[in-house]
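Some structures are shown below for you to check.
The same chain A turns up in both complexes below, where it pairs with chain B and then with chain C.
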Partner chain A sequence: MSKIISVHSFRGGTGKSNTTANLAALLALQGNRVGVVDTDVQSPGIHVLFGLDESQMAHSLNDYLYGKCAITETAVDVTSNLKVPVKGKVFLIPSSIKAGEIARVLREGYDVGLLNDGFQDLLEGLKLDFLLIDTHPGLNEETLLSIAISDALVIIMRPDQQDYQGTGVTVEIARKLGVPAMLLVVNKVPQAFDPAEVKAKVERIYNCTVAAVLPHSDEMMALASAGIFSLQYPDHPVAAKYKQLAAQLMA
Partner chain B sequence: MDNEAFNTLKRDVESMTEVEGLTMTDLLTFPDDLRLLLNWMMRENGVQIEEMASYLAQEVNEARMLLEKMIEKGLIEEIKKKEEEQYQVLVKSSRNYRVPKKIWQVIE
Partner chain C sequence: MSVFDRLQKQLDIQKREHGISALELADLPPNLRKIMRLMLREVVLKYTDLCHAVEAMPAANRLSKPELDSALKTLVEQNWLLCTGEGEFLSYRVNLRRKAGSSLNKDIWASLDNRIAGSKSQEAPNQKINPGG
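Moving on to the complex of A and B:
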C-alpha cells in the first residue's frame, strides 16, 4: 500500500529537508519507488540536496498549481544524482526557485485543494510506494492539508525552549486530524545532552513516543546540504538514526 | 459507533450552515465524530457508501441518509472512480495563504 508521509516542524531550520531527503534515499535503497514533493513554495530548498539545478527543472510544482501542466510532468527522476546503486527510484517534484514565481505565490496564494488531487495523481501516475512531503514550517492551510491526508507524520524539533512550545501545537493538531502514525524526532541534540534523558523529557511533555533522537553533527554541518548525508557517511551515528526511522516507516 | 453517537452526528450535520467546501481550519472546529469521519474520508481519498456504512457501523440506508445531508451541506461531493460511485471531502478552493485567526481558538 502506498503511503503519504509529511515531514513538518513548527519552527524553521529543524532539519526537515535533510530528513526528508535522507528518508527518501534510504527507502529507495530498499527498492521502493519514492516521490518527494517540495511544498515549501515560499522558500524551496530540498532540490539542493538532490543536486538539482534550475536547468534540470523543466516544470515545477508552481506550474501545476497555476494550471500550466499535470503534476506528473513536474517530477524529475533524481535517482542517478544519488551516485550510489539504488534498487528503487526517487522522483522530486521541485518548487520554483525563480523570484517572480515565488513572489506570485506570496502575492496570490494558490488553490490548496489542488495539492490533495496532485498527491493522489503522483501516487498513481508514478506508481509510488511512498510520497514524502517536505513542508514549510508553521501552520497554514497547506501544511494542515498535508497533515490531514498523511498516513504518517514526522514532526521534527530541536531541544530548544521555543521548539518545545510550538511542537505541542502541531502534536495536538495531528491528534485532532486523526493522523494514524506520529513520529516525533528530536534533532541537533548537543553531544553534552544525554539522549535518553531528552527522549524521556519529550515523551513526558507530549505523551507521545519519540521515534528518534539525532545528535548534532559537525560532519552534517560541514556537508551543508550538498548531498545526502546517510549515503556519504553510511557508518555515521546520524545515518544509523535515519535508517532506524526509515525502517519504522516501512513497518 | 453506537446509535446515540450516530444520531448526534446526524444532528450536528443538520444544524450546520451550508458551505461550499471545507477549509482545513473549519475542519478543526467540527465536533469529534464528524471531524474524524471527514478525516477518514480524506485519507481514503474517496469511499463507497458500503465502506462508509461499515465505518459508522450502521445500515447502508442510514449511512446514505447522512451522506445525502453532507452533500447538501457542501461538505462532500460525489466522484466517479473506476466506474464506481465514490464520495470525497470537498476541499475549498481557498487562496487563503495565511492561517485564519480562529486556528488559535481551536487549539486553546
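Moving on to the complex of A and C:
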C-alpha cells in the first residue's frame, strides 16, 4: 500500500526541502515510485534541488488548484536529473515560481478539498509507492491537511531554542490528529555537540523517536542546493543518516 | 451551462463555505476525528465500505456501529461530510472549507499586479523573472 509522508518544520531554514529531496532520491534508488509535492506555494524551492527550471514546468500545482489541468499533468519526471542510475522513479509536482501566481494564491485562497483530491489522484494516477509532501514552515491550512492525511510525519528541527518551542507545537498537533508515525530529525547539529546527548535530550522533551541526528556539513552548505547531497556524496556521514531515515520510512 | 447546472454550482460553493477547515480537524472529538482522517484518505466512501474500514481499524481505535452512525450524523449535520445517494449507494465525502484569500485592501493587490505586469513588460522576451529578486 502506498504511503503519504509529510516533511515539516515549524520554522524556516531547517533543511526541510533538502531532506525531502534526499529521501525521495534514496527511496527511488531502492526501486520505489516516488512523488514529491511542493505545497510551499508561498515560497517554493524544492524544484532547484531536482535541477528543474521554469521552462521545464509545463504546469504547476497552482494550475491544478485553479482548474487549468489535472494534477497528474503537473508531474515532471525528474529521475534523469538525479544523474545516477535509479531503479525507481521520482516525479515532482512543483509550485509556480511566477510572482503573479504566488500573489494570486495569497489574494484569492484556493479549494483545499481539491488539494486533498489531488494527493489521492497522484497516488493512483502515477502508481506511487510514496508521496512526499514538502510543506510550508509553521502551521497553515495545507500543512495541517498534509499532517492529517499522512501515514508518517517527519519533523525537522535544529538544536535551537526557537526550534525547540515551535517543534513542541507541531508534535502536539500531530498527536491530536492521530498521525500513525512521527519521526524527529535534528539537523545542522554543530560538530561540537554529542549526537547521542542531543538525541536523548530531544526524545526526553517530546517523548518521540528521534530518527536521525544530522551533523552540520560544510560540504552540504557548499553544494548549495545544486543537487541531491546523498547521491553526490554517497559515503558522507550525512548521507548515511539519510539512508537510515529512508530505511525507517520503508519499514 | 444550464440554469440547473448554475444553481447546483452555487449550492456546491455555499456548502464549501460551511465545510471544515484543516485547523478545526485537530479540535474534533476523537471519534469524529477518526472518521474524518479515514475519509480524507479515501475521498469518497460508500457507507458499507466505511463500515468495513472501521472494522479494520486497530481494536483500540475501532468505533462500534452506533458510535459510527452517531459520528456520521454529527458530521453531516455540521456540513463537514457531504452525504449523497440512498440505500446501498449512500456515500460520504469530506467537505473541506476553501482557504480564505487575503483580507488586505484590494488596492494593495492591484498595485502589486501592476508592478508585476510592469516588470514583465520591461523584460527581454526570453528573460525569466527571478523570484529571489
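Assume the second predicted complex is superposed on the first by the 251 of 251 C-alpha atoms of A that agree within 3 Å, B and C clash if a C-alpha of one lies under 4 Å from a C-alpha of the other, contacts with A are read in each partner's own complex, and residues count from 1 in each chain.
Keep in mind that, in the parts below, a contact is a pair of C-beta atoms (placed from the backbone, for glycine too) under 8 Å apart; a residue touches a chain by one contact, two chains touch by 3 or more.
In this text the structure is predicted, and so the values were computed from the model without any measurement.
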{"item": "Simultaneous placement of chain C and chain B on chain A, clash or fit", "value": "clash"}
{"item": "Partner chain in contact with A:N116 - chain B first, chain C second, else both or neither", "value": "both"}
{"item": "First, second, both or neither for A:A148, with chain B first and chain C second", "value": "both"}
{"item": "First (chain B), second (chain C), both or neither touched by A:V198", "value": "neither"}
{"item": "First, second, both or neither for A:E54, with chain B first and chain C second", "value": "second"}
{"item": "Chain B versus chain C as contact partner of A:K176, first or second or both or neither", "value": "both"}
{"item": "First, second, both or neither for A:A99, with chain B first and chain C second", "value": "second"}
{"item": "Touched partner set for A:A70, first chain B, second chain C, both or neither", "value": "neither"}
{"item": "Residues of chain A contacting chain B in one complex and chain C in the other", "value": "106, 108-113, 116, 120, 139, 141-142, 144-145, 148-149, 173, 176-178"}
{"item": "Complex interface listing, chain C residues touching chain A", "value": "16, 19, 21-23, 25-27, 33-34, 36-37, 40-43, 61, 94-102, 104, 109, 112-113, 116-117, 119, 128-129, 131"}
{"item": "In the complex with chain A, residue positions of chain B that touch it", "value": "21, 23-25, 27-28, 35-36, 39-40, 42-43, 45, 91-99, 103, 106-107"}
{"item": "Parts of chain A lying in touch with chain B, wherever the complex brings them together", "value": "105-106, 108-113, 116, 120, 138-142, 144-145, 148-151, 169, 172-173, 176-178, 180"}
{"item": "Complex contact set, residues of chain A against chain C", "value": "4, 53-55, 97-100, 102-103, 106-113, 116-117, 120, 139, 141-145, 148-149, 173, 176-178"}
